[in-house]
Structure formats: C-alpha cells, structure tokens
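There are two complexes below, and they share chain A, which is joined by chain B in the first and by chain C in the second.
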Partner chain A sequence: MAGKKKKREKVRRYYDYSLLVTIVFLCCFGLIMIYSSSSYMAALEYAKSDGAAHYMIRQAQALALGFVGMLIISKIDYHFYKHFAVLGYVVSVVVMILVNYTPFGIERNGSRRWFGIPGTNKSLFQPAELVKVALILALACAISYLVKWIDKLRVVILLLVIAAIPTYLVITNNLSSGIIIFGIACVMYFVASRKKLRFAVILAVVAAFVFVVLEFGDQLVSLGILKDYQLERIYVWQDPGAYPLDGGYQVLQGLYAIGSGGLFGKGLGNSLQKLGFVPEAQNDMIFSIICEELGLFGAGCLIMLFLFMIWRFMVIAQNAPDLFGGLLVVGIMAHIAIQVILNIAVVTNTIPNTGITLPFISYGGSSIVFLMAEMGLALSVSNQITYEK
Partner chain B sequence: MNRTKTYQRKKILLFCLITALLLAALTVRAWYLMVDQSEYYIEQADQLHQRERFIKGARGNIYDAAGVLIAGNRTVCTVSVIHNQITDEEEVIQVLSRELEMEEEEIREKVEKYSSREIIKTNVDKEVGDKIRLYRLDGVKVDEDYKRYYPYGSLASKVLGFTGSDNQGIIGLEVKYEEYLKGTDGMILTLTDARGVEIEQAAEERIEPVAGNDLHISLDVNIQKYAEQAAYKVMEEKGAKSVSVIIMNPQNGELYAMVNAPEFDLNDPFTLPEGTGEGVSAEERQDLLNQMWRNGCINDTYEPGSTFKIITMTAGLETGAVSVSDQFYCPGYIVVGDRRIRCHKTSGHGAENFVQGAMNSCNPVFIETGLRLGVDRTYEYFGRLGLLNKTGVDLPGEAGTIMHDKEKMGEVELATVSFGQSFQITPLRLLTTVSSIINGGTQITPHFGVSVHSPDGGQVTVLEYEEEAGVISEETSRQVREILEQVVSEGTGKKAYLPGYRVGGKTATSEKLPRRNGKYISSFLGFAPADDPQVAVLITIDEPEGIYYGGTVAAPVVASILENILPYLGVEPSYTEEELETYQIGDAQVPDLMGMTKEEAAAALKDTEFQAQYLGEDGVVTDQFPLAGETIGKTGTVILYLGESSD
Partner chain C sequence: MQRKLVLLFLAGTVMLFALSVVLFTIADNDEEYKQIVLKQQSYESREIAYERGEILDRNGTVLAGNERVYNLILDPKIILENDGENRESTVNALVECYGYDREEIENILDTQPSSSYVRYERQMDEDRKAMFDTWVEEYEAAQKSGETEAKGDVVGVWFEEEYKRVYPYDSLASQVVGFASADGTSGRMGLEAYYNNELTGVNGREYGYFNDDATSERVIEPARNGYTLVTTLDAYVQQVCEKYVNEYNEQVGSRNTGVIVMNPQNGEVLAMAMKNSYNLNDPSDMSNAAPIEELLTMSGTFSQEKIDQMTEEEKKTNAMNEMWKNHCVSDTFEPGSTAKTFTIAAALEEGKITGNETYLCNGALRVGGHNIHCHNRAGHGVLTVTQTLMSSCNVGLMYIAQAEGAEVFTRYQEIFGFGQSTGIDLPYEATAAGLLYSAEDMGAADLATNSFGQNYNVTMIQIAAAYASILNGGNYYEPRLVKQIIDEEGAVVKNMEPVLVRKTVSTSTAEFMKNALYQTVEGGTGQKAAIEGYAMGGKTGTAEKLPRGNEKYVVSFVADVPADYPEVFIYVAIDEPNVEKQSDSSQATEMCRNILREILPYLNIYPTEEIEGEETEETEPAQETDGEETPEEGEAGEGEEADSNPITIISSEEIYEEGGFTGDGEADEENPEDGENPEADGESAEGGESGQSGEENPEDGENPPADGEGQSDGEDAGSGEDPPAQE
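Our next item is the complex of A and B:
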C-alpha cells in the first residue's frame, strides 16, 4: 500500500534515545546513592585522602570511561563485533584460567575474583564481568549461525559446552556470577529454540530440587550433595534473626534498613543503617539504603525504571535487523533482568544470601565499565534499525 | 542473513513478562517489609541506633523542724569508657588508674571489654572528674551525678539513714520515705553509628529528670545535738556500752530527737569503727555494719523495769483497783503463789500509801496493784494503751512487744509484769504509751515526718498520723502526772528535779538477762511541765559501770537535757517562793569594786554568786560593768578593767 510513497520517504536510522536517557539517569542516580550510602564511612576510613567522596569519585571515573566507550561502541555497526566473538571468548577464558590458577589472580575479602599484576597486589578488573560480555557476543554469533539446527542434540551439546566452560571457571570462585552467566546462556537459547516444553520441564526439575533442598537439607548434606555452609545459608535465610552475628548479620541489617524506610523513607541522606551497620552499604546492599532513604515509593520507582529499560531492550531485540542483533540484545536484557531480580531478592531476604550487585547503582569499577560496553552494543543494534517516515 | 522469527519475538515477550512478574512479586515483598512489618523493623533499628543516657533526678532534701538542711545532694561524677571510641588504650588505663587510684588490671579488663559502655567508677569527686575531663581522652566519659550528703555527719545517723550507690535509701527515714524522696531519672536518647559514636547533628530526644520531694521532719538539730552531747558524756563517764535518748512531744507524737550513741558517720556509712572489723569475713563484716546501723530505740527490746510501773499505776487508778490514799505495808518482800518476790529495799518500806509507794518505787505495792487488777483487766489496759502493738513510727524495722500469752499468764507472771519484768518492749513503745497517759489519754503515733514539699515548694502534703482520744480518763491522767511529779520532787527521781519547772518522771534499773551477772540498764523517763507536758524524754543507759541506779545515773542527764531544751521550746521557768529561796534564784545588786586590786575584788565577790571577768593584767579596778548599785541576775558576770590608778 505504501508502494508509491516508499520512494519519496527517506530511510532513517533509529537510535534508542529513551534507553540512553534511562542509562544516564540510572548512572547519575547510582552516583548519588553511592555518595549517600558511603560518605559517612568513607570520611572515617579515608580521612587522610579523598574523604567522604572516595567511593563516588572512583565510581565517577569508571563511569566516565564506560560512558565514552558506550557512545563509541554504539556508533559502530554491531556486525563489526562479530569478528571479535571468538577472540573475546578465548581471551575471557584465558584470563579466567589465569585468575584461577596463576598469580595473576588476586584475592580480595577471601575470594579470588580479581585480575591483576602478580606481586604488586594491584587489581585491574573482575574478569567475570568480561566473561558476561564475551559470552553474550559468542553465543549470539554461534546461535545465529546454527539457528536452523538449533534443536538438534549436537548443537545443543556444542552450545552447552560453549556456555559451560566460562561458567565453570567463574563459579568456582563466584557462585552468583556463575549463575548469572549460565542464566544468560539459557535465556538466549530459550529465545532461539522452537521448543517450549523442555524448558518448562527444566524449570520444574529446578523447582523440585529447591523443594528437596529445603525439605531434606540435612540428608543431602550427609549424602555429600550439599555442603555444610550452603545449608547454613539456607537456615540463615529462613530466620536471619536467629543468626544476628554470623551469617544473618548483613541480611538483618539490610532488613532493618528496608523496614525502617516506610512508605516515603527518611529522606535522601538520612539513612542510619549506612553508618556502619550495613557492611559496605555502597555495594551489594545499596538497595536497602535506597529503601530506607526513599521508602517504598523510591524503591518502586527504581524497579519501574529497570522494567522500562527491559521493555526498551525487548523493543530493540524484536526489531533488530537480524537474529544476531536480536540475540545480542536478548543476552544483555537477560543479564540486567537476572541481576536486578537476584539482587533485590537477596536484599529483601526473598532468597538466600549471595553476593550480587545492582546494575548501574552498586559501586564497582569493572562492573560499570563492562555494563556500559553492553549498553553500547544494545544502542548499536538499535542504531541499525531502519524505518520509513 | 537470519531474521528474527515471530516465535522468537514471542519468546522475548514471554521472558519480559516473566521478568515483570518477578519484579512485581519483589515489589509486593518490599511492600510487606516496608509497610506491614515497618513498625517491627523501625523498633529494632531504633534499639540499634539509640543510646539512652540517663540523667539522674535529684533526691529530695530532708529539713529539720526549723528548716535546717540535714540531708542534701552533692555533685559527683561517674567515669565510664566506650570501647569503640578509645584510640589509645594504654593511655586511658594509665590516666584512669592514676587519677582514680584503682588497680590497672581492673581498669584494663573494662577498657578491653567490647560493650557499648562500661562504668569504671561511680561517686568520683567532682574535682577528680573535672581533672579527668581535661585529659580529653577519646572514649572516656565523665558524667555528673548526685551523691547524698549529710552536712551534720553523724547527727541522728540511725534515724536519717543513708543511701546506696543507686541513691536508694538503705536505712532509716531514707528508706521509709523513699517514694517521696527519690527523683525520677530523665533520659537523653541519642543516635549513634555502628561504633557507638553519637551523631552530632542528630536531634536528641530529651526527657527531663524530676527531682524528688523534700521531707520536713520534726527532729530539731539543736535538740538532737544537745541530747547527743549529753548521751556521749554519760556514756563516757559511766563506761556504758550505749546510750539512747528519745525526746518526744507527748501531745502529738512528734519526735524532737532520737539518739543512739555511738552514732556513725552518714557520709561514710560503710566504715566500721576503729579497732573492729579487721580480718573478718565479708559476712561477719556485714553483720558488724548492721549492728552499727541498728537503731536501739526501735529495733531492740528490753525489760523496762520500774518505769513500767506508770502503766500499772494508770490501770489501777483508772479501774479503781487502787486509790491514791490506799494503805500498803512493805516488809521488803511479797509472797505471790509459791514465790517470794523481794523489794529492791530488802529492809522494806514499812507502812506507806499508794503515792508513797510510787515515790519509793516499791515493788510489793505495784505487785499488789497488779494482782488486784487481775489478768483480764491488765491485758485490757495493755491493749488500750497500745502496748501489745507496734507504735507505727515512721522508721523501718520496728520491733514488737514480747509479752506472755494471756492464757499462760499466772499470778507470778502477773506480779513480775506489774513492776516491769519478764517481758520486753522497745524504748519508743514505752515512751509513746506513757505519753498517751500523761497527755490526757490520747493514744498517739510517734513520728518524724511532718510534711512533704514538692521541689519548687508549690505543693505541700501534710502527713497525718492516727490518734485515738480517751483511752484513759483526764482524771487518771492528772493523778498519774501528779504522782510522777512527786516522784521527782521527793522520791527516787530527785536528781531530775529542775528548779523553775514542774518535772514528772520515773526511774528504772533493769537487770539484764541472765540475772546476777552485774549488767544493768539504767533508765529514766521524764516529762515537763507536769501540769501540761510539752516534752517527754526517755534515756536508757546500757551497762553502766560502777553505780547503776537509774535515779543516780539517768535522772540527772534528763534534768540537764530538760534544762536546755525547755527554754528553747519556749517554756519559761516560773520559780516558787521555796525554790527562789532554796536555789537563791533572783537578782542582786552589784557591789562597788572600784579601786580594788584583783585579789581584793575577788574577795569581795566571794560572798556573791557573781562571776568576775578581768580585763588587763594588774593594777587596780579602773572601771566596772555593770556599775555599782545596778541590779542584775544573781549569777551574772561583772567585767572589771584593771590598770594604773588614775588618782
């Protein structure tokens, strides 16, 4: 019907500005909340250097780097990145191996999660964040090539191996990142696959396993399937008040913060729990400080914003010029969605405690830099969408 | 190139819907935590953040009858440490152990203890507290506090009592009036961070402390002081174990003084007298302290002896069992049942009437009176006069009367009770009962507390006590007073005679149990003026050495007390003609002493009762005051100026 008009109308390139604005807003909000939640303790801890702004300054620097990177990445056609899929995957696996088994791995707070220069104890970045981007790129590439045979067993096994190698490498030191990485892979495969039932079955099996763990935890431990500390975490989750000093401390302090927020919170900057009660309030538990200061209203707005972002990803993925672009955005969407859900669920003690940061908001340099790179990819896909006016 | 298929788009939508659903569920969860459970978590969080700092409410003061402060507060300090805030543990330990004179180990233990606040020492002098404050040590807090202070030290110690470390009354009036005196603590609620450091800008919630009420009591510092001096004097002179004096207004039961010598220092109540309590166990030490704090006037009972004859006399006269003119004969003993009870005068008082019997304190006369009364009537009057109950005095730990059961009271028991033996009462019980006899028959409640005043003086609560009029008739009261006045003017109580005043009284010498070991309690109960008693005094001297007769040892002490306090209470002396003559009370003319030497003047004054006061070294009298021929009190002082004669 538009045959005549088509020639007259100019073909236009799309660019998802609403996504961009959301990203900018979330990042700025994150900076404010990092300052609010960390300034009191930072002023005490870094009294002789940066003082109260210590964490905020470092986050802002990483953010500036990431933001420039995002803009550059978004302006380049995403097909260009296809060439780096294999390279990125291999590099990320190698770096993970280096971190796990060589002195390049640096330990912080009892976990070997950092890549750094041996001997200097200087950490550069968390390779688990690199793995997320690399795997998204690699899987999007592989699936878009193999989509015709996507439900063949050989292909399934191949994809499983591609996902399992980095997952295994990450999960040994960082359970939560491992879960996220594998979760992203699952979502990408789920979208590409024609089947539905098998996923429902997998979900049912997972649910049954959770049920068994909750009901027969002791027996599983005695059978060696579950480890003691894992079972303990489950007990803490069920009644954090009973373990106020050990495992339950962080969760309990988080709950005090959330609960004392009420409908509209104590007002920005007025949290009391950030005064050393919630450990490292600018990190994983930052959502609890948001709840305390901004109340259910503020927390609700933030959740809505994340939901809006996911809706934008969905629009971009559905309208992507090809399956590769679509899957790329699906992976990114899955990453954000899983991480947001898990973080809020942990902070509100809806699931057992495991360290997961809140994207864009929590403090963490490598996390924000690689996150901004992912945003650049998503924007790049959106930029390749053409439409007629 | 592969395009995104429709089914794939649907699956993307499905994933988004699942995500939205999960986020919605988490929002509901947040709603539950932040709205439904909010109260619980706010409370928990507040407990975590709030530090309560108590501000002590001052304890009420105690004032004597003239409004003189006898128990007040002094500012002291409490020194405590907050582990989290300490930056230099060693310095804190060093400074505190030096300034507070405590063992380093003791302080170290508290400094290293991980708690929000650990008290190092309470009741630290303000000067020491200020000094510690000047060190500006991190984590060391010096808070001001009140400590009870007794300006008169040991005065009326066993009556006033003292307070413990929490400012709570421990003995005496401080315990009895605890609920009026104690202040209500205030509170400062401050917010702290995880280390326990108070947040500077945070709003403080403050609950102001309320000071306790002031107590005004009937005790008079001057009377108490004088009675204590007199008690200590006789205790020393007679080498007695202890001396108690109670001075009471017999009309309404107000206690003017209550002495239990030896007293103890109220500002240092946990220190035993010198020479005791060395090397004893903690338990024994506590026993010794309790012994030291004991108020013998109300906590201990004794056999009253002859002073109790006043009660037998009253019951006998009131019931008509005896009359003042009844004749008796005392052969030195009386046979009751199968027992022969001796009179203190073994040769016997011979023929005497009832009044003479009382003046002689003759045992057979009162045994006869008791036997005439019989058990029922004796018991009835004991009841009426309150002897079987406690007095209800406003002091803790009053002892009850130990008396034979009515059913087990035979003739012999009745006979011994009649002259004050074989049962025990407290000194205060005895004085209270006698007061209600001599005041015209009104049963009274002895007490110290007069009124309670709010700290600003705005509200005054007058304390009220039970009174019961008409327990005996006015007539009997008058008769008893007259007989007791005669006991003092002509009988065994002669040494309590005080010219210018009508003093009534009764002596007693009780042999302590077990008998025949030479230990006595000498006592005298006196009151004045005998026609309208304003003051009643009971002195008991425990184990005097040497002469132990109440009439000789105790009566003069009461006379000297009365001589001083009656004018103080506004009771002026009025001398009879006979007294003026006998005691040469009156005025005299000052002779002319001018020009005399010191020796001559002394000789001239020798025949008079004047006291001479010489000013100057030698020479002759150049001036005198008062001048020759002036009339002054016959025992007055004449001032003589000595110097070179001007002639």
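Our next item is the complex of A and C:
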C-alpha cells in the first residue's frame, strides 16, 4: 500500500494515504455517475437554469466544502474532538426534536427529514446525517470512559439510552437512517464488549422479529406496531412484479437496469433506464444505473473498492493509539459498511425498499459534507499512529 | 478487539460477496431484461387516439362526425442508422411519392439526427397514405427483379392515426352544433362545447407488459370513444328554416333573423336557425357572413365607441365570435306584442279577469300622467278579451294589466321564465334578468308598456319555452336539444327525459289562450299566416327598438299547429327588416307561413279543415277529421260575436303610437351605449357589466313619464282616463 511517512522529531507519524486516495477516487467517480444518471432528466427539468449539469454542480460544491473540511479535521489530533462529544450529541438531539415537532422541520416527498428556516421552505441539511457523526463521537467517548464496566447492566442500559434517543427521533420519519444509526451503536458496543453470547441472542431476536413480520404482518398492522405502508413495502418486496405501477415500479425498473447491463454494461452514458424510467436515478438507485452502464464488472470493482476502504478502517482501528480512537474508526467503518450493504441490497431487491443512499456516490449535499467530516476523523486517528524507524 | 474487528470485516465481506452473487443472478437474465428495457422505450409514449362522439339529428342524420386521417412521421434516428445506408433511398421515396422538398427533409435529418418523431405532414386522407405504401411496394418489387439499380430500403417513415372532425352538412345548424378544435379534443361553441365531456373519450395505449414468465407481451388498451349525441333537431326542418332565413336576407335583408321550431308538448327543439350561418368545417371562414362592421353591431355587444377603439385584428376576432354566437339563446330584445298572450294568461289565471270583460279603445289610454297610444290611433272601439289579442289592442292590454297589478304581472313574468335561464342545453344562455322590473320599481306607465311587451327584454328561447307551456296545457318544460346519449355500440348511456320545471297556467286558461290565438289567425292580425286547411294559432309582434322614434323595429310571429293540440310551435323574429316600413310584421308572418307550409306535411301534420272554394280539388282527406275541430266548434259563438263587432281589426301594425315615446333624447344621452340595444349587456353573462346595465335599463323604462310630460298636446288630444267598459 502507498502509505507515506512523515517525519516529526524522533517518532514518525502515519497518515493513511491509501484511504485518502480511495476517498478521492470514489468522490470523483460519484460525480461522473451523478452527471451520467441525472443529465437527461435535469436537462428537461432545469432547462431554464443549470440544465443537464444541475445535480452535478450542486454535488461538486458540497463535495468541495466537505473535502476542505476533511483535510482540516484530519490534521487536528482527534482527542481534541472529545470536548465536543457531549455538545455534538445534545445539538443533534435538539435539532432532531426541532425537525420533528416544530416548523423548522421541512417536508420533502412526504417525509419530514429536513432542517430549514420556517416558512421559507428552504432546507439547509438533513439532521439524520449529523446524528450519525455525533453519535459515533459520543459513543466512542462514553465507551472509552466506561470500558472497565462495559458488561455491567447499568452501563449497558446507559449506552442503550444514549443510542436509543436519537434512534427514536430519526426512525419516526426515516426508518432506514434509524436502522443505520442503531446498527452503528450495536457494532461499536460489540467491539468493546467482552461477551459474545448476548450478541448471538440479539441476532436471534432480530431474525425472529423479521420472521414474525413476514408471517403475521397483518396482525401487527392491526395492533399498530407496523404501519400500513411498511407492510405494503414488504409485499412489494416479495413480488415486485405484481405491483408494476405502484410500489414495485422503482425496484422493478432498477432490476431491469441491472439485468440489461450484462457483464460489461452498455458503456458510460448509454443507460436507457435513466431516461425517466428509474425514478431519481442519481439518488438511491444510482447503483442500478452503474450496473447498467458499467455492467457487473464495474459494479464488482466498486464493491471491491468499498471493501478495500472498510479494510483500511479496520487497519486504522487496530493500530489506533487508544480505545477512543479505535472506537471512533469502528463507528465510521460500521456506518460505511452498513450503508453500502443496505443500498445494494435494496437495489437488488434483497431487502424491502427503503431510502438509503450509496455513500460517496449518491447525490445529496448534507450527506456528503458529514461523510467527509467522518473521513476527516478517521484520517485524524490514522495521523496519530506513530512508529519508529 | 482485534479479533472482533476481523470478524466484523469478514462479516461485511461475506455480505458484499453475497450481494455480488445476487447481482450476478439478476444480470443472468440479461437478454430478457434487455428486451424489456428496449420495449419500454418504444412503447412508453404510444397513444391510440379516441374518436370524438358524433352528433346526430333525431333521425340519425350525422351532423358532426369524424374522418380517420394520418400524420406522416419521420424517424431520423432510424433513417440514419447503419451509417445512413438507407438515407438516400428513404428521402428519394418521400420526394418521388409526395413531391416533398428534398432540401427540407435533408435539413431535418441533419439538424435532428437523434429524434425519433418528426411530424412532417398532418391530416392526410386514406388515399394519400396508401400512395406511399404502394410506392414502397413497387420499389421493393423493382429492386427484387433487378429493374432498378437503387440500393437501400425505405425505413423510418410511419403513419400515425388521428381523427378529424367533419361536418357533412357544412353550415347546417352551425350556431347550434358548434365546432370542435381540429384534433377533436375540445368543443367550441354550441353543443360541441356544452356536451364536450360526453363527446370526448379516453385515449388508449399500446405498451409492453410482462407476463408471469417475465417475457414481454405487446398489449393494446383500446381507446374509449366519446359518446354520441342524438339531438332533437330535425335536419330537414332545419334546412327549410335556414333556406327561408337565407333567402330573406339575400332578397330583403335584416340586421338579424331568428327562427325556432319546437314541439310544445315536450320542449324538444326541432330547428334553430339564424342569419350568418358559417361553415363548421372551416369556422374561421367569414366569406358567407355579413361584413365585419355589420357583424360587430349585429347584437349590440359592442358600442360604436368600442368598435372604433379596436384594432383590425380584434375586430376580426370579435366579429367571428358574433358570427359563431347562437343569437336565439344569447341575444335579448324587447318581445313586443307576442308577449301579450302572457299578460292575458296571467290575468285569467289569477281571476283578475273572467274572459268576458269588454274594453273600450279610443286609440290611447292615459296612464301615470301620459297618454299611451294604441297602434290604431282611431281606436278599436269595444273589444272582448279575445278581441284585444286578435286586434293586438294596446289599450285593452293596458286595462288588463291594470286589473292584474304590478305584483301579479311580475310574478307571472317569473312563472313564465322571463329573466331566468330556460335551462336549454347550450352554452352562453342569456337571461336578461337585469332588464326586467321588480314589482316595487314598476310604475303605472311601466306596467302599461310591459303589458304589450315593451320595456323589458327576453331571449327568443324564453318566449318559445313560455309559449310552449301555454300550448301544452300549462307545463313549462326545459327546452332541449339532446334527447339521448348513446355509446359507440348504440347502447343508451343516458335518456334525457323532458324536464318539467313548473306549472304555469291551468288547463282552462291554456284552452282560452289557445282559442284566442286561433281566433287571431282566423280573424285577427295573424290572418296572413293562415295556411288553407290548417287550424292554427298565431300572434304577431312588432317591437319598437330603443331609441324610440327611429323607426327601427323587431318584427316577429309565433304560430302553433294544430290549434287544439299543437304539435309544432314556430317563432320567427326579424330584427330591423330592410324594408321601407319596418313596423309591418307581415315580413315575419310570411316567413313563418312559408316554413310551416313546407314542414307540416313532413311532420305528418295534415290539414283538418275543409278548404273553401276552387282550391278544394287539390286537397283530399281534410274533411275526415272535421268533426274533431274543438276550437272552432267550441268558440263558434264567439267567432260570430267577433264578426258582429263593428270593429274589424286587420291592420297588422300594432305598434303603439310613437308619439308617446318620441323625444327620448335625454334618455339617449344618459345611456348612449345601451342605446338601441338594451340586450347588449344583458346577454353577456360575465359578471359586473350585466348587473350594472340591469339597473340602468329599467331607468330607461322610466323615461316615458318624463318624456310624456313634454307631450302635453298629445295628452289633450287623447281621450284621457277612460275606465274599462265593463259589460
């Protein structure tokens, strides 16, 4: 790997350039794919303003901001961020409450997920993305303080509460982000804990719940545990072909896109499905357009790249100077891994459809800015790794 | 922690690997999905045009139908495929077959190479389309046999089907039927507009569909065609009416002429004709209509001032709208003496008169301080109620209206539907509501002039519907033009039953009025309308237009046949006939007679009376039904009485003396734009203006008192306040 060494007095500082290169590559690749998948529809929709490049320009702007932020964050010792753990957590919870229960929340496409200025309908960012960073920081902090008693019931409950509050606030409007947030918390705890059995139990409970939902969905709806539209999505998932015009449309069109791409794809820019068939092709469904244009080969390369990235996180976490740093990177790793896996699973109809973006690739300004901040944190941890030569 | 991290990484790797496998299985359907995607492309926007519903007359004659036409579509993308090997051959085909401009086509191919849809020619008929197919066939045959050196196929040219609205009878009932936009999606004017929702259908679709095996199938969802309207119109009756209207306007001329033929028993309109009919197949063609200036002033929609301000373009648009307008339902005017029937019917119905009264007419009556003259300045002498109608005596009518009082009079105006929409199934119906008096505002002079149909406005269809209610025994039906809506298979979607709105008068009143109308044709002002052998009723009308004293009149005539049980009602109104003396209502009477003479046998209404004198030879079965002549027999006594009456009324002029209304100068200045056409504003049912003018116009009506004062000479000359001579 292309690790470069920095000289600082006697000890040398490490900086994970291979991770940095991967990040840069993914971001550029994302910009190209956003342009490819959105240019046709954008040219129709924004003919009078930006035209075809509408989405790409906006993504590039957010990306530039995020990239500068990442470099700055990565150059500061990550222990400095400990001071913001409590503040960040409180702020993210307050913002979530504002979004959920006050006019600061702005609705888009039927979901109230945006923080904005009341009355103007101008949205600023999606607080769920802020919550992810804040929770990773807060949990890493809390666990590293409490690591001695990590398997005591009281501590478990405390950590559970810390994770549950933002999860609950997010999940009311955004099931997928809620799952990701809680998943991150579970993984972080799993890594810190010395027990294994309880995780097996948790997995078993989740599996049982999935089974119950599939078998007794109707009863759960009548009991009010499950919402109607959620059950509907499960039905659509089981047989998308039966709902070609309603819920199954998006998934079905995504599958056609993947299928029609074949092994090497139709070539960059030659997707037919992006011409209005796959809705929001630059967003959640961008992976299907990648498959269509670049084929299984391109999609495979992308997956390998993500895998490489996760591996880099693992290496950083293993070599982190202290538990706090390690947990920080574990949280980030969990975030990227879960989101990539879920996104590809949705696009391939392996799990029911729920709105999850593909990190670095999908269009989304606030998502990319917070993601780059996380990358900054990971790089900052890597930068604190010392070794002697 | 190290181990757990590795465990996590492995778990992630396994999951991503599993997803890759899933991806691979999906991509395994490669060919199939490729097809689906391609089919989606070509089918997504393919629409199948629906056919707009037809409009039929009552016998199934098509008044509005459709013709299948084709649009020639070029697909440059396909033409240019394979390095353009078919480009030249295709362009050649188009140029040689249709004589298109080669440069223009090449230009399209060069400038829009990626387009798949360029509509090159619109609305080609079947033959023109077939030309191309034949040409291509011959070309291919020639290629095969080696007759031609030409290479390449003809590709990327196809025909899109469409329907074009056609009106087989061109201008027949144009203002009633109206027309639709060229693509047949929206109706403008007339029945086309009023029933647009019923006439339009739903486009069909052709699309790719995936069956259980996920193989694509081509599916056609057929278009639902629009519903067909079966109207109450009779094409023949309509033709006859239009023939006479056009003939009259060619030979004599008028500002406007309107004819309504109706079945009074159920309110079905058989014909509705007016001047300036236009070609429905080319509605913007104004060559057959009056000149633009004349059209603009025709119904008084625009004041001269407004017309002067218009640009040429606006003038043309507005004139066209005037030409398209259905004047029988959208224009209002003062009805004149035809409305006397309703004054008498109201008085009878309310028991204000018994029908046995007599009135003395000295040529004028002093009302509210003015002398209001009868058209016969010499006076009609003593008249019975029936005779007042027969002679159309204004004085007699004023006495009757006095007996009624303003409250009864206005109430019955409402009952007879004046000032209200009749509910006819046509757009833009005028009500003239603002041009009627309310009981509170009605002065003695207003009541007096209203009694003989002046100083308030009506539409032709209002008069027709009100007459029908008297003729059928007192049932006011909504006049209507559509009796059935059927689908393309002929199944009935909706039957439009006659809608009974209210009872207007009792049977006895209706019988009295029918007889009075009959007597009017027998021995009154309507004699000229009489058609030998037919027992018919009728009433003349001559209304002087505002401003009074300009010698401008609307002459009209109503008639019903047979008199005892009328099956046909006809109303003819001529606005400003182009004759020396406009006040002569014989213009309308004659047209009415001519029309009836032609349509009665067609409608299976035959003469019932013996034809006197030499003419007998040509008529045969008239005597058979003689015995059933109720009106004649029943009123024989009265008929004699009429004869014995010293006054014989026969002049068909029945306008009240102008003297009472001249010198209207003041009023004119106040309301210049209302001018001679009070209906101008009343008819446009568009908000504020009509409301305003509605208030203004009754003021106009109040002018007579003021003017009358200036006419003190006339007053003295008149015999003043003669009480009605009671028998």
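Heads up, the rule we're going with is that the second predicted complex is superposed on the first by the 372 of 389 C-alpha atoms of A that agree within 3 Å, B and C clash if a C-alpha of one lies under 4 Å from a C-alpha of the other, contacts with A are read in each partner's own complex, and residues count from 1 in each chain.
Heads up, the rule we're going with is that a residue touches a chain if its C-beta (ideal position, glycine included) is under 8 Å from a C-beta of that chain, and two chains touch if they have at least 3 such contacts.
What you see is a predicted model; the values in this text were computed from it and never measured.
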Judging by the criteria at the top, classify the pair chain B and chain C on chain A as clash or fit.
-> clash
Who does A:322 touch here: chain B (first), chain C (second), both, or neither?
-> first
Applying the touch criterion given at the start, work out whether A:144 contacts chain B, chain C, both or neither, answering first, second, both or neither.
-> first
Determine, under the contact definition given at the top, whether A:190 touches first (chain B), second (chain C), both, or neither.
-> both
Using the touch definition from the top, say if A:230 reaches chain B (first), chain C (second), both or neither.
-> neither
Touching A:40, do we find chain B (first), chain C (second), both, or neither?
-> first
Which positions of chain A sit in both the chain B and the chain C interface?
-> 187, 190-192, 255-263, 272-273, 275, 277, 291, 295-296, 299-300, 303, 306-307, 310-311, 314, 317-318, 323, 326, 330, 333-334, 337, 340-341, 344-345, 348, 350
For chain B, which residues are in contact with chain A within the complex?
-> 1-5, 7-9, 11-13, 15-16, 19-20, 22-23, 26-27, 29-31, 33-35, 37-38, 40-42, 44-46, 48-49, 191-195, 199
Partner chain B, residues of chain A touching it in the complex = 40, 144, 147, 187, 190-194, 255-263, 272-273, 275-277, 291, 295-296, 299-300, 303, 306-307, 310-311, 314, 317-318, 320, 322-324, 326, 330, 333-334, 337, 340-341, 344-345, 348, 350
Of chain C, residues touching chain A in the complex | 1-2, 4-6, 8-9, 12-13, 15-16, 19-20, 22-24, 26-30, 32-34, 36-38, 40-41, 44, 210, 214
Touching residues on chain A, where the partner in the complex is chain C = 187, 190-192, 241, 244, 255-263, 272-273, 275, 277, 291, 295-296, 299-300, 303, 306-307, 310-311, 314, 317-318, 323, 326, 330, 333-334, 337, 340-341, 344-345, 348, 350
